[in-house]
Structures are given as structure tokens and as C-alpha cells.
Amino acid sequence: MTTANTDAMRPPFPAERGVDAYNTKLGMWVFLASEVMFFTALIGSYIILRFGAPGEWARPGVVLNVPVTAFNTFLLICSSVSMVKAYASIADGDQRMLKIWFLVTIICGAAFVGVQGFEYYHLIHRGFLPSGVREGSELAELVAKGTLSEASLGLYGSTFYTMTGFHGFHVTCGVISMIYLYFTKVLPGKYTQQNHGGVEVVGLYWHFVDLVWIILFTIVYLI
Amino acid sequence: MKWWLPAPASTFAGPIDGMFTAILIITGLAFVLVESGLIWFIFKYRARPGQKAYYTHGNVNAEYIWTAVPAVVCVGLAIVSNHYWKQIKGRDSVPAGAYPIKVHAKQFEWLFTYPGPDGKLGTDDDIADVRNKLHVPVGKPVVLQEEAEDVIHSVFIPVFRLRQDAVPGMQIRSWFIATVPGEYDMACSQLCGMGHYKMHAKVTVQSQADFDAWLAKAAQGDIE
Amino acid sequence: MTTVAGTPHVGHAHSDDRSFLRKYIFSTDHKIIGIQFLFVSLFFLFVGGLLAMQIRWQLGFPNQPMPGGKLLPETMAPDGVILPEYYIQLVTMHGTFMVFFAVMPLLVGVYANFLIPLKLGAHDMAFPRINMASFWTALLAGLVMLSSLFVPEGAARAGWTMYAPLSARPDLSGAGLGQQMWCIAIVLLGLSSILGSLNYITTVINMRAPGMTWFRMPLSIWALFITAILGLLALPVLSGAAIMLLFDQTIGTHFFDPAAGGQALLWQHLFWFFGHPEVYILILPAMGMVSDMIANGSRKPIFGYHSMVFAIIGIGFLGWIVWGHHMFVSGMNPTLGSSFMVTTMIIAVPSAIKTFNWMGTMWRGNLRFHVPMMHAVAFVAMFVIGGLSGIFMAATPVDMHIHDTYFIVAHIHYVLFGGSLFGLFGAITFWFPKMFGRMMHQGWGKVHFWLTLLFYNLTFFPMHILGMAGHMRRIYDPTMYDFLKPYQPMNQFISVSAFLLFAVQAIFALNFLVSLFRGAKAPQNPWQDNGLEWTLPNPAPHGNWERVPNVYRGPYEYSHPNATEDYLPQSQKLPGDPEPAAASRASQGREA
Amino acid sequence: MRTLGIAMMVVAGLAGLGAAGHGRSAQGGGTVTGKVKFTGAKPVMAKIDMSDEATCKAKYPTPPTAETVIVNANGTLENVFVYVKSGLPASYKAPAPSGSVTLDQDGCRYHPHVLGVMVGQTLNIKNSDGILHNIKAMGKKNRPFNVSQPNVTTTPRTFSAEEVMIPLECNVHGWMNAYLGVLPHPFFSVTGADGSFKIAGLPPGTYTIEAWHEKYGVQTATVTVTGTETKTTDFTFAAK
């Protein structure tokens, strides 16, 4: 998510301004509106499919490992907090703390992706695939015992991997762009108390991704 | 070739053709108004040397009128449409005691299942899977119980003004009362694959006696 | 003339020293990107037309070898006779190309890019590099879509609406890779549109010249702005749906597979939730540009500017709650159908307002029938037919009979061809001098206009009659059906008209190409228009203005009593016009 | 010596030709032959209603019936696909398939109803009816295809992998189906009106022979072939 940050905090000429936000920040808000619609499509489909599922939807914790993901959620929330800290630091002109908090955000974000990868690996090992249950797996035994409904597990896998996968993809994009900004802008000290639009804009994106996760965690893992 | 709707053969044709005509008159008026106005303006106000256009930014009253009139007409049409829509397609519009026929749609065939003498589907005496032949008694409510095996198909009988998609995974009921005996075409009107255009059935509307006779023969395996 | 405040970016110290590649290929200049979109989407318009001709051949002359059909491979047309599976690829790809790769980029890609900064007085888009990315993504999407026609099993074939489960099941449709490429191309196109939209929206909100207040914006910009919002919010939904469809085919998910609990109607809801705003994406910009052209041609202010703006905004809102009217007979709950019918009837009102306001603009005008004006008036005349025929479908009982017939085909073509394309032919002629510094030939433009209008109506009007008779869409051979056999002469008549319609587009193509190199040099303001863009030389230089002009009034001050000419540019200061607040803030240093 | 050499080459060439021709009249090698018998009540096949397609209907004096089970007058079963499932020596090299096999759609039926081709051999799918047929082949190992033939045409197809059986169907005429076996060797046979099969030209070895029927499933037998002898193996399917 590199932003063409040519206009910095102010447009280069006097203009009628519809909102009191510089272009990149406004652009990010607009982009996030489109992201909201994208996730709405995925989450909406999940809700529709879940209510119309042919069998009983798997209860929370039977298929998914909730504690691990709860920890992961905690990590992501921490990264949002550290992002706020990073922004506050540079707003005060504190370059040193910006470097620290920005790095903490990157590490938490990367750890989130790592844990999600581990979770996926584990789930696939247990036999939970986007297409449903793998034959001869641990979950297939649960299906045989009647604990789980095979019909609804197919939908569960479809929606689970699509939603969390695209969220993970967004986190990954965020981490990559933050790493890029870290080496090109943060470490060289290019952000100043007056000019730190990049931190604010990537922060907006990051908080959005965090918010989406809280929704996903609630509706996919907890309910 | 007829420049109008097909000859009607069901009770739906009355309200539907009536609404069609009504809308045609209303939209026809609007059409004539707009197009003749345009043509008139084109000739009357064409550029002439020394002529200057009348400088105005609009007229609020005129705008009120041409907002209100279409709004009233459209809402009126919506109310009338809704009245007939509920009679035709409403969930509870199917007449009690309608004669059930199961329609199983698959690429690229219609398979009709008729209830046997007991008048109920899903029993042993059903006459199952009659291919591409829909026979219905005249003047009696018939309810089609549509299901699709593979992709979405759509029952379309032009003379009945009847159309209803058959969707895999759903059971959809669609009813009608045929009014004119005869042989008609039934088509699939939802693209369902390369053989979509071949998904064709013959609809035979016949008297109750003829229908019963046909059904008895069909029960013996003689479908033709 | 009194002062014209802006100064163009010419002969200045940092004059244009970019390399050819940076200037014309990998350009970040909004005007060049607009022109790139123009060439690419005109090409796809031609492709879409070529596909339509094949459809018309098959419908008019079923099972007869198509002239030139022998050039097609065995898998499409052995011995020149179109195969049923190729026919459904044709209808699918014709719709896909026309909607996604011709009309939408022509309206939005070309004119949102080209006009927004020029008409608002900005140096460029807010994010020039994202803008460039948007073009290249769209081109890539188009090429993926085009090449899908040539993969072994052929292209996607479930109609441009791509109804699942037919689209989700290669075993049922016969299209594997081609279908997946359709999904990929649509996701890419969605990305491109989102990148474009966020640019347009940001630019319109934040980069207007001093004095260019919201209600001084030309209606074309209003329309493009609302269109950008619709695109921004609608296309991610389509992308999401296309991704699910792709996953259903590749990694075995079951979103749209009823056999495994998925829902067939889910696709339709997602598609039309996108699809109806998309319908307005395809018409609003044309409406906006036509408003500009009609006011210009009538030499009169637009009638009811504010109600025009509110009509656009109203359509923008209502467009989100009418999608179910595509699904009246889909098995959706009929009660839901009732509510969608009411909203659909209501959305006719803003369109009616616009039509009457256009007529009001022409009323007591001083009409100049230059080629753009002719197209603009034809737009109104044809859009009325398309709009009125929409009321038939909105009435649910009538829709039972005409849904999925040629009545719908006629309706969509009256709106998309009679509407959007006529608007576009006008717009291309109108802004051609701004793009290339030369005029298109007026005489040939008029010949093209009249022939197109004639053959267009001969092609599409009879389709209403076919639709009333019950002629289904997307059928390969209408002569299969007893009730359609009598209509075969009409099908042939339509086909011949369509061939002629296609042929006369050669006049436009030639006029376009010849004018590009040989056209008369354009004067600075050839149409005597009020827009800011005409204060610049033709073509406008990179960066547009050295100093952005101040704006003193709305865009439609034609025949103003205080002006000497019958037009009054937005940036021309009359005695007594106050300086814009934004400009005075700047001079006080509060903005800097 | 030269003459002898040429003669040997001719013989070898003939042998090759023979082997390619479905193992019939093969020189050398063993032959497995037999009958596929049927016990139990003969199932009644449903009538096919072809009234929609006048072209096809006209080709039948009496209403045609489904071809799922055809019991011959001598109590044998037609349309059983008998083939060598395993046992060919590792060194065995299948001859290149020569000639093509034709699957004809005539009277809205496939002729033959059960057939076999070799990997890489051309299957000419012919439409003799001149009305729309589509051929949907849902192979699992071979690439599935679904093509249409709106008029009298022939579509050639080849298959890349061994697969028993690929179901073929026409979706325009739901009753139309056929089964195709694809094998990497020429040792297969389909029982005909006398219920017998013959697999010739087998190199010495012990083979698993499988008989496949679309309704009654499969049966296997083991046969050892040592020289040029003819072994007889019968299969029996019972009514279900």
C-alpha cells in the first residue's frame, strides 16, 4: 500500500476543499469504503450460507482452535495500540519512539500472519479443507460419530478460508508496506512533526484491518 | 406474425395483458409528448442569425409538476402491479386443491411427474418422468412443483404468461389455470448450457375427460 | 474579454522534456491516460460489435455457414456454421466486453480521467501513479478476457450475468479455463475501477479550483463523481463474488453449489447488488456529458441545475435498493419482489426529471446543431424509449411475460446504445479537439449520425415485438419453436439492419482516424463553451495550468444578459464578481 | 538370404498390423475367449419416448427401449466390456494404435453402446441424425469434454490415459448414453449378440481379466497363457 505522497500534508495550490483532510488521507478513507464493501460481500455470503446450511453448523471450538486465535486477536489489537503510539510519537516529533513503536507494529502484524499460517497448517492437518472434510482425517471421524455435519462443514470450510484468507492477505499487504515505509521513511527520519502523513495513512489502514478481524473473530470463531 | 402478445390461454393473461396495455398507453403518451416536443423544439428554436436564447435557470413550478406527475403515475402502477402480483405469485396465492405436477428440470429436458389416481405426488402410483410433455386439464388450477437437477432453468409458457425459474436446491411452486384447449410451446428461458435452445416441451391443454384418458394411457407406459 | 485568470502551462521553464515512453506510454498525465483508455476501449467496442454480428448471423440465418466463418477454428464454427457452445460464448462475451471493457471504460476511464481535472481546474489527478496503475490493470484485464476466447475449451458461457451454478460447474457448462479467466479478468477490472474511483473522488472533493464550489461544478462532473462512488462501492462486491466463483472452480469451495449446501440465488443477489449500480455507472456519465452538450448546443443555461444534481444523487442512492427487480421470477420471496418493484418504480422519477429538464433547456433556446448536439438530442430521444420500456419490466406481473426475452434485450440496448453510446459519440466529437488539437469532420459526423440513428432503430425497435411474442434471450436457434417460426423474417430484418449498423460505424472510425492526423486545427474554444478546459490550448499541456484560474460562476451561463457573447466562461471575471473565498484565503497566506 | 529377410519383415509387419487391430487374428500369442452368461429374471427395459424427435422416432418400427441390460436369446449378456486388467509383462510394448474407432449417433442412440479405444487412438464421434446432439464425456483421468454437433458432422477425439469406463452422454436426449473404455493395450473385447468375447495375441503370462457391465458391475478371472493356446473363461452375471 504505497501512497503517492507527493502532496504531503497540504495541496500545492489554493483550492476548494470539500473536507479537511489532505489527499492521501482522504484517498485512504475512500479506499477503505471500498474495502468495507468487499468484506461485506464475503461476510454477507457467510451469514446467508450459514443460515441456509443443510446441517447443523459446527459449534465454536469443535473445528477451530479458539484460544490460539484469541491470542492472535490480542496480538493484532496490540499492534493497533502500538500504531497509535507510533503516530502519537511522531506527532510529538519523537523520532526514536516512532522507530520503536512502528517496529513493534510490524512485528505484531508479522506474528499474526505467522500464527494464522500455523493455524491453517494445523487445520489442514486435522482434515479441514476449503472443500470440506478430508477423508480419513481426524475431522472425518468426528463426522462419522455424528458430532459434526459433513454437509455444513463444506460451507464452513469455504467461508472460513475465504474470509480469513483475504483478511490475512490484507494484513500481509499492510506488513509489507509498513516494512517498506520503515526502511525508506522511518529509519532515515523522513517523518517530521509537521509531515507524517504516511504514518497516519498506513495507520488508518491498519486500524481498519484490525476492526475487520474483530468482526471476523466474533462471527466465525465465537458465535 | 402478430405485432402483439401471443393469444392468451390462461387466467393470468387477462390482468397481465391489461397491465401491459395500460402501461403501453401511459408510456405511449409520455413517448409522444417527449418526442414530439423534441422535434417541435428542434424546428422552432433552431439557431437563426441575431436570435438569442431566453436566459433562464428554470422554473420551480414546472419542475414540481414533472416530478410529481411521474411519481404519482409510477406509484399508482406499483400499487396496481402489486395487487395482481400477489394474486399471481404470492406465496399463499396457490388455490387449494390445485392439481399438482412435478417439474424436474435438467440439462436439457423437462421431466414431468403426474400424480396417479390418488391425486398426490410422491406415492407409488405416480406417473414419473414423462419427458417434455406437459398435459393439463382445462379450467382447473394446476400447480407446478419445480425443481432443478443441475443448473437454473426457467419454465416459460408464453400463452399462459407464465414464467418461473427452477433453481437447484429449491422447491418452487407456480400455478395457473389454462383456459383454451390446444397445443402450445413451453421453453426454458434461463440460459442453462449449450443445449438451452433445445429445452423445449409441448403443452397440451385438454378437457378433463381427454386428460384423464391420456393419464390412464400414460400409466400403462404408453405416453404418446 | 476581461481577465481570464488562469494561465496555461506553456513555454515555461520546466517545459515538457519527458521521454516518449514516459509521455505517451507509462504516462501519469490524466489526459494521456484518458486517451489510452479511449483507444483501448474503442478497440474492445469493436470486438464486442464483431461478436454481436456473429450472434445476429446465427439468429437471422441459423445453421447456415457464416461469411468468413471458415476463418474460425473447428471448436467454434466447423465449416463456418456456429456451434451452440460458441453461440453462448458469443452472447456471454459480447455482454462482458460491451459492459465492462467498452462502455464502462469509455465513460469512466476516458472521461472521468480526462475531464475531472480539466473541468475542475486541477493540475492532475490526486494520485497520478495510482491512475496509471488503474489503466494498466484495466488493459491487462481486457487482454485476459480477450485471450479466454482462444483457450482450448473456449470462453465463459453462462451469460454476462454468469449465473451460478452453470458458471461454477465446468462439467455442466463445458468451460473450465475460460471461465476462470473470466473471473480473474473481472477481479482485475474491479481493482482497476476501485483505483480509478478513489482518484476521481479525492480529486473532486479536494482539488477544485478556487471558486469551483459544489454547485458550480458541471453536471458531467457531478455525474462522474456519483458514478465513481457507485463504482467504488459496487465493484468490490462483484470482485468478492467473482473470487468466490473462482474458488468454487479451483479450490473446491461450495458457495454456489446447491448439491453441497451452497446457494444458487446467492450469486444473483451479489451480482445484481453490484449490477444495478453498474447500470447507472453505464448511464450517469453519459447523462452528465449530454447535459453539458445540450446546454452548449441550446446556448442556454441548463434548466433546473439543482434538480439535475439532486436527480443524479437520488439515482445514486436508489440504485442500491432496486437490484431485486432483476430477480422477480428467480424464486426469490414474492413479498420481497413487491418492495423491489416499488423502489424500481420510484427510480424512474429522477430519470423523468432529467428528461424534462433537458427539454426545458432546449425550450426557447438558440439551437446549434453541431454533431455533439445532434448526438445529445438523440440521446434524450432514445433514452426516453429505453426508460419507458423499463416501466414494463418494473411492473411485476408484466415482467412475468417479458423477463428474459428480447424485450429486455431491446430495453438494455436502448439505454446502453441509444443512451450511453450516442452520448459517447457526442462526447468524443465534443472533446476531440481538446484531446488531439484537431476537429473531427462535421459533415461525415452528420452522415454517421443519421445512418447510425436509422439503422440503430431498425435493429433494436423490432426486438420489442419479438420480446412480446416471447422470443427468449440467448437461444441459438429460434426456428426450433413453432411459436417463433413466424417471426423469423423479423429476425432476418433485424440481422440485416445490425450488419448495416455495424458497417456505418466505419464512417466514424475513419473520421476519427483521419481527423487524428489530417483534421482541421482546432481553435481554442471551438464550441464556444463555458468550461474551464477551453481556457487551455488544444491539446492541453502537461500539468494543465501554470496557475489555476479562479472560478466566478456556474458552468451554464449561456446567453447571459451582461455578457457580450452568448457564452460566459466560468473563469471570466465580470465587474462586480467577488473573488472566490479560497483564493482570498490563499492570498492572505492562511492556506499556504 | 535376402529373400528370407524380406519375408520375415513382411511377416513381422503383418503381425504388427494384426495386433493393432484390436488383437483380432493376431499371429502368435495366446487367446482368451468365453461367454458372458446371465442368470435370473430378464429385466424389462423401459420404452424410450422419442416423440420429440421425429427424425429419430422414424428410424424405429417399434418403440425403442433402454439399452442398460440386453440379454441375448442364448441367455448371454450383451455389452459387457472384457479386458486385461493386469498381468502384462513389464517389457510389453503396445503397438501404435492404427485406424480409428467410430461412435455413431444414429436414431438418437449411440452405436456401439459400449466400446473401447487405445490410448492415443482416434475416436470419431459421428452424428448421423443431423439434429443437435451433445457429447459429454466426464472422464476422471482423461480431460472431460462437452461438445455439441448441431448437424451431420464427425468430431475426432483422442484419450490420453487408461480409464475404465468413461461415461458418455447426450443431455439433449436424456436416454442417450454409452460407455468408453480406454486402455494402453489392445487386449479388450465387447460382447455382442452371441455374448462371446475374444482377446487374442496375448504374450505368455498370467492375467487378470475383468468383465464390466454398466448395471451389474465387474467380475474378474485369472488366466494363464503359455503359448499360442486358446483358453476359455466364462463369466456369469446374476440378475439383481
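Note that the chains take the letters A, B, C and D in the order they are written out, and that residue 1 is the start of every chain.
One rule holds for everything that comes next: contacts are C-beta pairs under 8 Å (C-beta built on N, C-alpha and C of every residue); 3 or more make two chains touch, one makes a residue touch a chain.
All figures in this text were calculated on a predicted structure; none of them were measured in a lab.
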Which chain pair is joined by more contacting C-beta pairs, A-C or B-D? A-C
If you average the CA atoms of subunit A and of subunit B, how far apart do the two points sit, in angstrom? 47
Approximate Å spacing (C-alpha centroids) for the pair subunit A, subunit C: 35
Compute the distance, rounded to whole Å, between the mean C-alpha positions of subunit A and subunit D. 57
Of all residues in subunit D, the ones touching two or more other chains: 132, 134, 146, 148
For subunit C, give me the residues that contact two or more of the other chains. 83-85, 173-174, 262-263, 476-477
Give me the residue numbers in subunit B that touch at least two other chains, ranges are fine. 107, 193-195, 198, 200
Touching pairs here come out as A-C, B-C, B-D, C-D
Give every residue of subunit C touching subunit B within the complex, in rising order. 83-85, 88, 91, 157-159, 163, 165-166, 169, 172-174, 258-259, 262-265, 298-305, 307, 329-331, 333-335, 337-338, 341-342, 345-346, 348-349, 352-353, 355-357, 359-360, 362-369, 377, 380-381, 384-385, 388-389, 391-392, 394-398, 400-401, 403-405, 465, 468-470, 472-478, 480-483, 486-487, 489-490, 558-561, 566
Along subunit B, where are the residues that touch subunit D in the complex? 106-109, 111, 130-133, 193-195, 198, 200, 202, 221, 223-224
Which residues of subunit C touch subunit D in their complex? 63, 75, 78, 81, 83-85, 153, 170-171, 173-174, 476-477
Which residues of subunit B touch subunit C once you look at their complex with the stated criterion? 1-6, 12, 15-16, 19-20, 23-24, 26-27, 30-31, 34-35, 37-38, 41-42, 45-48, 51-59, 62-63, 66-67, 70-71, 74-75, 77-78, 80-82, 84-86, 88-91, 107, 150-152, 154, 156, 158-159, 161-170, 172, 184-185, 187-198, 200
Any idea which subunit D residues touch subunit C in the complex? 132, 134, 136, 138, 144-148, 150-151, 153
